[in-house]
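Each of the two complexes below includes subunit A, the first together with subunit B, the second together with subunit C.
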Partner chain A sequence: MPAAGAPGVGDRLGRRRFGGWLLASTVATMAFLTLASFFVGTVPIPFRVVAAILLHQASNGAVFSSPCAGTVPAFRCAAFTAIVWDLRVPAVLLALIAGAALGLAGGTLQGVFRNPLADPYLFGLSAGAAVGAAGLYVFNIGLRESNITLPLFAFLGAVVTGAAILAIAGGRLGSVETLLLSGVALSYLLSGVLSLMLLYNPFGSLQVSFWLLGGLTGATWDRVGVAFGGLLVAGSLLVVASREVNVLQLGDEVALSLGVEVARVRTRLILLASLATGFAVAFTGVIGFVGLISPHIVRRIFGPDYRVVLPGSALVGGIFLLGASDLAQTILPQTVLPVGVLTAFAGAPFFLYLLQRKRRQGTGGR
Partner chain B sequence: MDGGLTLEVDDLVVGYGDRPALRGLSLRVEAGEVLALTGPNGSGKTTLLKSVLGLVTPERGTIRVGGTDVGGLARRERARRIAWVPQSEAPMDNVPLLEYVLYGRHPHIGGFERENAYDAVRVRDALAAVDLTDRADAGILELSGGERQRALLARALAQDTPILLLDEPTSSLDIGHQLDLLDRIRALSRGEGRTVVTAMHDLNLAARYADRIAVLDHGRLVALGPPSAVLSPTLLRDVWGVTADLRHDARTGLPFLVPRLPPAIPPEAGSATARPGPIHVLGGGGAAVSTLQRLVDEGFRVTAGALNLLDSDSEAAQSLGVPFAAEMPFAPLSDEVRAENRRFMLAATAIVITPFAVGPSNLGNLEDVAGLGPGSPPVILFVQPPWTLRDFAAGRVTPIINDLLARGASPVQGVDELLALLRARTLRARDPPVADAIRSVG
Partner chain C sequence: MSLNGAVPGASRQVSLALVAVISLVVAGGAIGATAAYFELRPSATHPGASAVTVTDDLGRTVTAPSNPSRVVALSPSIVDSLVRLGLRDRLVGVDCSSPAFGGLSADYDASQTAAWHLTSAMCVQVSPLNSEALVNLSPTLVLSSTIVSVSAVQEIANTLHIPVIMLQPVSVSGIVTDVQLLMSLFPTGSLGPTLVASMQRELGNVSVLDANLSYNDAQLPSLLLTYAVNPVGSTAPGYWTFGPGTFGQSLAELAGGSSISANVTIPWPELSGSQVLLAAPSLIVYGTGFGIDLTLYAQGPDWSSFTAVQSGHAYAIDSTLITEPGPTTVLVGLPDLIGLLHPSAHS
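What follows is the complex of A and B.
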């Protein structure tokens, strides 16, 4: 967020250029979209009923004493309440949280690798997380039902992948091609592993296919809570580190000369990006391109300062994934498309556009 | 900024194998001085700077700032003592200049803090010091090359360190911006007492701006001292393999080196006797400089005629290693000097009269040529510009010139013609001397 600092400093630093209203309108967009999303779904439920259910549940019965405020018969009310409060609301919140986590991870990776094409999906971080989570089911590890072990394993999968990328990239972080190709190769490899898990699958769990496709259907209140916790931890630590991400943009040697322990900071940032990715993927599966697009939109609107880019990417990532999820449910009647299909349709052309622009600008930098 | 601190490098060894970048280098930079670090490419200048910054890890040796061993310090602590202006920087986002300079405050701002009013003051001071206050809101990518280089300097200044290291800060700038940037750096050192070490390729700029010059070669310190003590043709030849002349700036007295053009025909590798000549050159007031230079470059042995010391021609003769009959500055030619000049003439295979201005004090040069008896060396005479314009001896010059021409002196229009004449005769008859050959042409 724009920093205020001592009187005059913020103004002198030109940070108010874009105005607080841009930020406010972004938050307002998110709030409006969130509210609107509660009314979107395959089961048609009257507007008044949804509103009544939301108000009743949110106020813990204080606003309306009966769940549906008498708008529908009790047996239908129970079904509607279950749909709205136990399915739609967690799904909407999970979309926001997972989108935020992916946006945050994307912004962080782009900062760490000084590369605008970095993204948890393209770099295989998401696939690594999915392999970690699916492993719980395939090998029938006893802890699989826990909403804690699932993100933990996803996190581990992502961390191992992140470490592999770091090792492959080595000291040559500037080389766009090396990094991108090794990330893509890793991503393919992990997708292959995931497919293998689906085929091998000795315990016949149907769950594995979920991580391949990606979706918000598995949302529960518990999972929302856990995912939010993960996002909060990763997000706050990343925002604290965002000034160092700024300095990293000057190059490793200059960053070192400015007192940044580059290797340590880089490791920490990738760990945090893996954490965010792991918590998102554990509950939503592999959803692509959210982490790629969000930071670009933020940079375009708010400028290149990572103190703004990182939290901004979380905001925009949440809006993007929730919007995609709403579209996935409404674009075809009576059909819910996997949300990853929507993000891919938006993301792949965008990626190609960036690649094209990058080629025109030459290599390195952005 | 409470002034600079000393920077001491002791027995620094960097790199492995049989070609280490630095081989036991020791150097002490005094507080508040500007030290220019020079040396050929690959001599270890950048490695030394990076070692001090902690960007490369030395095999051996210590680096102290104000007596504190910086090898044991955390990056952050080191960054509060030593700032760096890199030669260039990877392309980056279009950050506003003010933010960019603020990055220099990074080592002063704690992990959970944000920049305060003092940081803003330092940033503003740094921008003012490089004259970029007006550009504070411009994006870094929108700046011109000169402005970008000053922005790098401003960031290092905002870092507020006693030691400032610069790696060829002017290498991508035109001469105007080079002088401007170096003026600023020197002023900063004088004004705030910062200790400045700057790697530079241009020795003349180094002489102009540095208190002392350190010369590195193959990872060793080969010279250290004030410019006047360090700069010499010998050093340039030994370290860079360049032949140059040392001159002194007329106003400041500072030394500067003028590299020579490569000779058109490389001097023969054989002994001095294998080279043609000697050719005796008469001149004065700078008229003979180009002739002396070309003759030496073409491999002739050369002597020169009675010249006053401090005169341009005598300086040229000195720097070229041409023996000459030397008179005291501005004094009329004495009998002893004229006698010496005559001995040079008689030993020569040809006498060249360059179009120098002749007045009563140096008329002796021409009189002595005219007075040479039969069997003396042939005379070659520059006839451009006309001698009538060079006669400051009450009309006594022109008769002597005409007399010489009448007695068979060869007229030439300029240095090229002179060389063509000498070369043609030398090739046809190297021994016996060119004398007869030239005389037959004349």
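What follows is the complex of A and C.
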């Protein structure tokens, strides 16, 4: 018989059922937003035509043999088909994948450093990935094979940054503040390196600046495939490692006493977060705050268990970035705003709110 | 918080390795399937249509349809070339800012918009690139400069099989080469050869001018060729100019000027007032237009202290004539600049 005030079996079942409903509604939100996003863009296309094109293309022509029949002329239909199937659908999928990768990376870093302010953007991993990818443009290396070289260089940049953070922290691996401050310092250093690189090559610098704006205009089916591959590898390994992240929350000494090799686990998790960040940054540019906000929302709704926080952050990250991308195309008529602008508008106030809350609490986060 | 399975062990290592292997296999499958899908997709180029293969200014080999009917030109200098070659009727889209940030007027001055009959319906936002607007124009050829994200345009070219030719000359003679490249794609009648001959005549005049100049290189007038200014009080006050390897530098040299920014290490440097004072150019030529005029330059750092300003040797020029590498720059901008730098020799 449970003690007075302790949650009973019924409470636990009720909470679990409530959690299930929340999860189902999150997935439903993502599914609805994904479908709705196919109809959002700067070129107005009739709803019926978009739906017919989607069904026609997805069924390889079995449904709606002529999707625009009686609606628009043939040459307009070809343009609409290209816009919907070759631009919008890959952009929507890439937003979901990149958002999920950034959410996962953010959730992992917050878990590893036990700090709610950790984020691939604030932490320098995004800047490291940006420096790696910018090298392609500035030194004109492998740009023709950018679908492979971009994520590779971005990943290397992020990994080197992650390794540098660990190396700088050196023997003080236990000090979360040291690691976090190392990340912030490296982030500034990398911004300087990036600025220096931009001065080196006029053509490259202009192109890097376009890419740094952050956006999904370069989304294509093959990029979706590569990004999905990266997310699948990093994501599945991170979700499997979520139990170890849970143990890290108890503190290094407790984790060590439970047999977790803290330094090794931390290194592996940072490398995987770098991989996820690299794949996201490579094809979307530097988009901030997705990795910061998503884990917080998940923790607020589902609690602190990282077995839920990590996959949940991926879901919420995808929803957040896709929503920002839709807004970026609709907030001003016939205008595409850099999606990073929208995430910054949402993320910066949220970051300040977290700082205020952390100050009130007087100690580190979870 | 549940700690189920928290303690790692050999089985844990095995499961991690298993997940990694399965992930890699599925990821490889996803990438391979996507690649295969694209290999099997039919090309959007019209089979049987005659094609021309050219090498563009970025060294890319591009196969484009001969005599394309719908062209998007993402640079004012390319529009300039097309109009002068009698190809305005092929033009269906041009570069611009978004309607919320100036639209056409941000990239084209009023006289260009009027003379070339540009309308807002032709607008393709280039930063960031509005891919939907570009594809919606159903182009059969895209002519672009590097004011656009080459990567984004290249992806459109690869995915939708719309040929993209990059035209970004870094010297005045490169403008002639680009016009000749366009002539290989379109039938231009006598307009093409006439235009090329006119430009070559202007470049020939430069050689004559060089020979006629009575002074040697060391005595060439020192020049600040500036196209924009950040006034005092702004974050970084200074004068924007051209560094080595840029079209503007080539223009200044051809016009017989010794640019004070010839030896800087940055391609598009912003010079401070002190740097200009130190270099003491005997001539300043400043680009006007797009909201930039003498009033704004006069608010630049140390403007009134410059020798050239005090001696009355600061001259305005339409900024489209020094920043846009098109035929108008060769035919009008270069002679105008020579006229400012060497009035007696030019006359």
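We adopt the following convention: the second predicted complex is superposed on the first by the 320 of 366 C-alpha atoms of A that agree within 3 Å, B and C clash if a C-alpha of one lies under 4 Å from a C-alpha of the other, contacts with A are read in each partner's own complex, and residues count from 1 in each chain.
By our rule, contacts are C-beta pairs under 8 Å (C-beta built on N, C-alpha and C of every residue); 3 or more make two chains touch, one makes a residue touch a chain.
Owing to the predicted nature of the structure, the values given are computational and were not obtained by experimental measurement.
Under the stated touch criterion, which partner chain does A:L199 make contact with: subunit B (first), subunit C (second), both, or neither?
A:L199 sits against subunit C, while subunit B stays out of touch.
With the two structures laid over each other on chain A, which partner does A:P304 touch: subunit B (first), subunit C (second), both, or neither?
both
So which one touches more of the residues on subunit A, subunit B or subunit C?
With both complexes superposed on chain A, more residues of subunit A are touched by C.
Have a look at where A:G215 lands relative to subunit B and subunit C in the superposition and call it first, second, both or neither.
second
Name the contact category of A:G229: first (subunit B only), second (subunit C only), both, or neither.
Touch status of A:G229: second partner only.
Contacts for A:P338 in the overlay, against subunit B (first) and subunit C (second): which applies, first, second, both or neither?
In the superposition, A:P338 contacts subunit C only.
Go through the superposed model and pick first if A:R243 touches only subunit B, second if only subunit C, both, or neither.
It touches subunit B and subunit C both.
I'd like to know which partner A:A79 touches here: subunit B for first, subunit C for second, both or neither.
In the superposed model, A:A79 contacts subunit C only, not subunit B.
So, A:L256: does it touch subunit B (first), subunit C (second), both, or neither?
Touch status of A:L256: first partner only.
Once the two structures are superposed, pull the subunit A residues common to the subunit B and subunit C interfaces.
The overlap between the subunit B and subunit C interfaces on subunit A comprises residues 240, 243-244, 246-247, 249, 258-261, 303-305.
Can you list the subunit C residues touching subunit A in their complex?
It comes out as residues 1-9, 15-16, 19-20, 22-24, 26-28, 30-31, 33-35, 37-38, 44, 98-101, 123, 125, 127-133, 135-138, 146-152, 154-155, 158-160, 168, 243, 245-246, 265-268.
In the complex of these two chains, what residues of subunit B are touching subunit A?
Per the touch definition, subunit B meets subunit A at residues 50, 53-55, 74-80, 82-84, 86, 89-96, 98-99, 102-104, 106-107, 109, 111-112, 114-117, 119-120, 124, 136-137, 159.
Which of the residues in subunit A end up touching subunit C in this complex?
Subunit A residues touching subunit C: 41-43, 75-76, 78-79, 82-83, 86-88, 137, 143, 146, 199, 202-203, 206-207, 210-211, 213, 215, 217-226, 228-230, 232-233, 236-237, 240-241, 243-244, 246-247, 249, 258-261, 265, 303-305, 307, 332-338.
Which residues of subunit A touch subunit B in the complex?
Contacts found on subunit A: 3, 5-9, 12-14, 17, 114, 174, 240, 243-244, 246-247, 249-251, 253-254, 256-261, 299, 303-305, 364-366.
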